[in-house]
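Both complexes shown next keep chain A, but they swap its partner, so chain B is in the first and chain C is in the second.
Take a look at the complex of A and B:
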């Protein structure tokens, strides 16, 4: 999946499900949009749907360093790449 | 330290309305909120009782996602009635977050619809569902979900009491909240209960042969408390919340005093978990009178638990007669909306306050021919214009829990 397509899907999720207003790729998720640990776990469920497979616990723990939307996109690209090896 | 405790705000979402005017009109005009059971795709095909006390009007919730994300349907009800009373009271955020305002609120067992979602995941192929048990499903379904969603939404930092005791859930909430304020542990309490649309509750009572089944084609004709042709209870949904405040501080801030809680009692039958127990009920009613320091003759009106089960109504009538004789008017308010489970005590107290304020007592709906075994008490058979000074609200639950709340009309408080 191309990064542009991942970005489109993630922005749709953040706007529709998480009610982000005017999300920017380098916005701080917590400071700019009130994104918290509960949201992070919910988002991982949505990311699993995009990827089409379940994330391992180790993969989920790696997501806890995510701070921006660009970080989310990087995270998905890396996980997808490792899964396809 | 014993302090006076007053009710300064209230709000109820009920099968007969949300706004006070709608509820009062239903009580005055004998309008029932019992409707046909909705198909929920899980149990309805196996349930014999096809009626439910239904909230079938839209409610315009205005909760941000920040709060919505931890709320199941039952918490929406709870937060809405809590929001109503806090907005109307106009309490400052400094007091709300001072630790002197607490919450006593609960439901029968959290959010059954969210619990069903979790169980469905277990019984499906988990791998294909990914993380289908959401991160917040527990927060939405846990037994104290109503209380803590209220504290979260409004930044309340005082005590939390979540007494989930089936049909006495919210009468205990109000009683325990009253004791918190009376004995100086808190200065104010948001108290009440809620339960959402839930056919599993119908299935449970249906299985125990306690649900009404003879009026499936005429839902408004059931339940029929104290009537010869009653055939069981009708499960319902709803929510009720009251704001309890210490009398002096409520008076100083110019609050409108709706009623004073003058007595509360709660006990257990100490035995069977289902059958009503006349000794346990009589003891509760007398303990409440003792707590209030009044005589039985001082009570003008009794809101009976009156679920319309065959034995429950008889035992309750006998207990009322033993304590009060045939003096106070008796109404079974469940006749209008069914048994709203964890919400019933709060809703029935609020409806009693509405009737007190407006100077009338509504009759028990569908009471056409009084069962002679229930005939020794003063049933309200017609809409009665009367001033009620003191009222008793009594509720009894599976598990042998009994409660009685005594309230005094706000207009009679000096």
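Take a look at the complex of A and C:
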């Protein structure tokens, strides 16, 4: 999956499900959009749907350090590429 | 001086007796059953929740006995609540004990630092309580508990949340954290709003002694029941928070 396609899906999720307004790729998720750990756990469920497989414990824990939308995109790309190896 | 000293002395005796029971009663009457549940129970979380419920219930029974000037009135409908996110105001350290004593099947959100405490942390972890943040080694515990919450609620459990976070002694409601409403929406669960009053007159924030001398009535009321149509008209987190704030304002 191309980064542009992942970005489109993630932005749609953030706007529709998490009520983000005008999200920027480098916005601080917590400070700019009130995105907290419960949101992050909900987002992980959405990421699993995009990827089509379940995340491991380590992958989920790693997601809790994400700060920006670009971080989310990097995170998904890395996990997808590792899974395809 | 003697006049002031005597009532304070009585408060001291009662407080000592209550905290003695809190520690000694746990060790004498409950620890064995916790260990039994830890080793033998098929559902350790439910067993620990039930034991916590019983322990706090017994502590509050003793409290009622030792401080008869404080009367208690609890809505009977409250104990029938199930499969809900329960939000409650928070004015005294006793509030979590009071609310947990009403529900055999319950989980609650607790400050992460309490999970580090010996015994207390072990009890909370095994009862399936949630740490309030994803700091350090409790990150996965929180992820696991949030992911399982919908199923837990569907099976009849309740999630108790004090949305003000820390206990509030201003007399007014504090600002609400959004966590309760996010979990309710995530799990598509109804929200029950409880108001607890005057528990701070029995055990006042910032004071060590129980105040046994005032005549007081502690009440727990069900002041709101919010059952959104999550399928056809899902509310936003802000809308859920507003509904709860309105319930408190009206109640």
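Basically, the second predicted complex is superposed on the first by the 85 of 85 C-alpha atoms of A that agree within 3 Å, B and C clash if a C-alpha of one lies under 4 Å from a C-alpha of the other, contacts with A are read in each partner's own complex, and residues count from 1 in each chain.
In the analysis below, contacts are C-beta pairs under 8 Å (C-beta built on N, C-alpha and C of every residue); 3 or more make two chains touch, one makes a residue touch a chain.
Note that the coordinates shown come from a computational prediction; the quantities given were computed from them, not determined experimentally.
A.B. asks: Go through the superposed model and pick first if A:19 touches only chain B, second if only chain C, both, or neither.
C.D. replies: Both partners.
A.B. asks: Based on the superposed arrangement, let me know which partner A:38 touches: chain B (first), chain C (second), both, or neither?
C.D. replies: A:38: touches chain B and chain C.
A.B. asks: For A:54, is the partner it touches chain B (first), chain C (second), both, or none of the two (neither)?
C.D. replies: First partner only.
A.B. asks: Which partner does A:64 reach: the first (chain B), the second (chain C), both, or neither?
C.D. replies: Once the two structures are laid over each other on A, A:64 reaches chain C alone.
A.B. asks: Show me the chain A residues, by the header's touch rule, that chain B contacts in one structure and chain C contacts in the other.
C.D. replies: 19, 34, 38-39, 41-42, 44-45
A.B. asks: Within their complex, state which residues of chain C touch chain A.
C.D. replies: 133-134, 139-140, 142-143, 146-147, 178-179, 182-183, 186, 236-238
A.B. asks: Quick one: which bits of chain A touch chain C in the complex? Just the residue numbers, please.
C.D. replies: Spelled out, the residues of chain A in touch with chain C are 19, 34, 36-42, 44-45, 57, 60-61, 64.
A.B. asks: What part of chain B is in contact with chain A in the complex they form?
C.D. replies: Going through chain B, the ones touching chain A are 64-66, 69-70, 127, 130-132, 134-136, 139.
A.B. asks: Considering the complex alone, what residue numbers of chain A touch chain B?
C.D. replies: Per the stated touch rule, the residues are 18-19, 34, 38-39, 41-42, 44-45, 48-49, 53-55.
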